[in-house]
Amino acid sequence: MTFSQFLAMGGFAFYVWSAYGFAAFVVLVNTVQPIIHSRKVWRTLRRDLDRAEEEE
Amino acid sequence: MKGGLLSAMAAVFTRELLVFWRRSTEVMTALVFFVIVTTLFPLAVGPERHELMLMAPGVLWVAALLATTLSLNHLFASDYQDGSLEQLLVSPYPLSALVFAKIAAHWVLTGLPLALLSPLLAVQMALPTKAIGTLVGSLLLGTPILSLIGAVPAALTLGVRGGGVLVSLLVLPLYTPVLIFGAEAVAASAGQGFASVAHLSLLGAFLAVVVSFAPWASSAALRVSLD
Amino acid sequence: MGEFGGFAGVSRLIKFIHKYGAPKRFYRLAGRLVPWFAGVTALLFVVGLYLGLYWAPPDYQQGDAYRIMFVHVPNAWMSMMAYVIMASFAATGYIWNVRLADMLAKATAPLGASFTLTALVTGSLWGKPMWGTWWVWDARLTSELILFFLYVGYMALQASIDDPRRAAHASAILAIVGVVNIPIIHYSVYWWHTLHQPASLTLTSQPKIYITMLIPLIVMSFAFMFFYFTMLLVRVRSEILVREQRTDWVRKLVGSKQ
Amino acid sequence: MTSHSLFSVRGLACARGDRTLFAGLSLQLDAGEAIHVRGPNGLGKTTLLRALCGLSRPLRGDVRWRGERTSDLAEEFAAEVAYVGHLNGVQGELTAAENLERAIRVFARGPDAALGVAAALDRVGLARLAGKPARHLSQGQKRRLALARLLVLRRPLWILDEPFTALDVAAVASLSSLIGEHMAGGGLALIVSHQAFELPGIRDFDLAQFCKVRS
């Protein structure tokens, strides 16, 4: 079972790899987006905290 | 004059009709919308009776469903603005009973006229006359379900920006079973004359489930929205 | 199907929440759990992909196309299970006023929607080689599509209400109404399907499941399940910070991480 | 058990969104007494009144009517409370008289209505406008129609949120005397108002003492 045969997926390469590709893409987005969001949350909370401390 | 639950519900029901009757333009919009949407299809698809006949059950039912969705805002919106909805929440009667009376009044003003008007449009859509009875029957059974289920998103989106469009986004997925049973019932009787009793009885069963569930859910939704 | 198993599992989950109810304790617990869950998820994915794409023999009928099943079926199951879990979290949050449950429900929605979207896309990618059309009005794909609209509706309602408490409780009621309707939608779509295509091959009658296919399917299902829990914990941690920002422990936490 | 006064509140805490407005709030009210809730805007006066009459769910706290929790009493308690909020609760399409008739049929429960529709309208100075659709009434007249509802329904506990808004001086005086009569008759009242009004025997209640700066 050579690598190229593996890639060919018995002629259904396009469908199998795009299915797995899309699933991987969704997994990636669902991994990266929450991490970016949490960094954004930390930044806004720190900014509010600093601003609150200035007012006191 | 001792007030009882039934008289309170009757009061809500009659007042609702009275208020709508005096603001009848809103009632008419749903009906006119129903007529216009149905009339668009022959213009789009062409007047061949054979083609129209095939589509008639689906078109009539989708048009009725969209007309109800359009009118869902009339259920609570004006009472929310003038504060009479808030008073209902402070009334000494179970809110779900009063809400049920409001939904019933809404049905009488939108669902019922749709059902009674549908034969005219069925003729326009070349629906075989033997199916018109089932059409009216399915609409009479189906439109109360639409009003009952629709009351929950209508209550949830009170005072929310973009509420109107949001209601239809929330309610249409919940309407799919009613659409399936309703349109299939009419298609069955329009086709080889299958007995559409099965479809109508499923519609009736669904109505029973919804009658027991929706008033509670929409009063809970009202309490959340007015919290 | 997944719904009823989901309810039993979820009640254990709710007791777990009560034990770790306070957002502060859950925040720290989740922080410790995330790396472990992530590790297990990665491992399961690697094993699953190897088994599904390489180890399992091609199907005599569908050839290698059936391998899409190892991605499509787990996502379909997870999309259903995630909605049941979301509705249970939402109901817990609404009825017993447990803020953490509201946050868990809100964190679940985008994940559930993603599972549904993946199931739809992979379903149509599987349908193309089998029936030559991208979209097959097959019973499962159709009810999956309606489930996707329910998720979008939930997220839209959640986003359009400013007050977080009202947003949580309003979408909770929608989720409860939704979860009651799911079986009804499910069976009405199946019933509708049998009316129109009684004989034709549908996605539901997938190839006979041999042991060689079952193993990758199970592994991939657990992979996606652990992926869901990992990202649920990550999402809920930032949700906790946002909703608890006025409490002292969050101020100290944010302050300490200058 | 301490002898419960007619209407007692202990340890009440309310929030708007995730912000706790006040906590640990307690107050007692007996027949014939009234409380004027004072405090700057945004402190949560309206939220307090809405929580007391069951319109909004408090974070925690114990609200009792005749010694029983109002959450358990639910409809029984609702039959003893009349709430006038910022919104008048007046339907524009109905005439002034129809609005009151509706109020009686939808909200009256138990003994007959305290005052007839005509008498109530006369008392608030709307006798001439009985047949006029409410949407044509001025803001002040609509407010008076909302207050007329208090007269047609027999409710011991009045919870009034800014009852005097849009009322002219004479109307403020007549409403104050109306509340006085209600108290004399053994009724209770909880009022939030930024407008000055005299009411013999009314106690002040400063909400600010329960609003800690940081939750």
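Labels A, B, C and D are assigned to the chains in the order they are written; within every chain, residues are numbered from 1.
Simple rule for what comes next: a contact is a pair of C-beta atoms (placed from the backbone, for glycine too) under 8 Å apart; a residue touches a chain by one contact, two chains touch by 3 or more.
None of these values were measured; they are calculated from a predicted model.
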Residual chain groupings, excluding chain C and keeping positions: A | B, D
item: Chain whose average C-alpha position is farthest from chain A's own; value: D
item: Geometric centre distance via CA averages, chain D-chain B, whole Å; value: 36
item: Cα-centroid distance, chain A relative to chain D, in whole angstrom; value: 54
item: Mean-CA-position distance for chain B and chain A (Å); value: 42
item: CA centroid of chain B to CA centroid of chain C, Å; value: 32
item: Residue numbers of chain B (touch at least two other chains); value: 227
item: Per-residue multi-chain contacts in chain C, two or more chains; value: 165-166, 245
item: Touching two or more other chains - residues of chain D; value: 57
item: Touch relationships between chains, expressed as pairs; value: A-C, B-C, B-D, C-D
item: Sites on chain D touched by chain B in the complex; value: 53-57, 75-76, 78-79, 81, 83, 85-94, 98, 102-110, 112-113, 133, 146
item: Of all residues in chain D, those that touch chain C in their complex; value: 15-20, 57, 214-215
item: Chain C residues within the chain B interface of the complex; value: 94, 146, 149-150, 152-153, 156-157, 160-161, 165-166, 169-170, 173-174, 176-178, 180-181, 184-185, 188-189, 191-192, 195
item: Complex contacts: residues of chain C adjacent to chain D; value: 97, 162-166, 243-248
item: Chain C residues within the chain A interface of the complex; value: 45, 49, 53-54, 58, 63-65, 67-68, 71-72, 75, 110-111, 114, 117-118, 121-122, 125-126, 128-129, 227, 231, 234-235, 237-238, 241-242, 245, 250-251, 254-255, 257-258
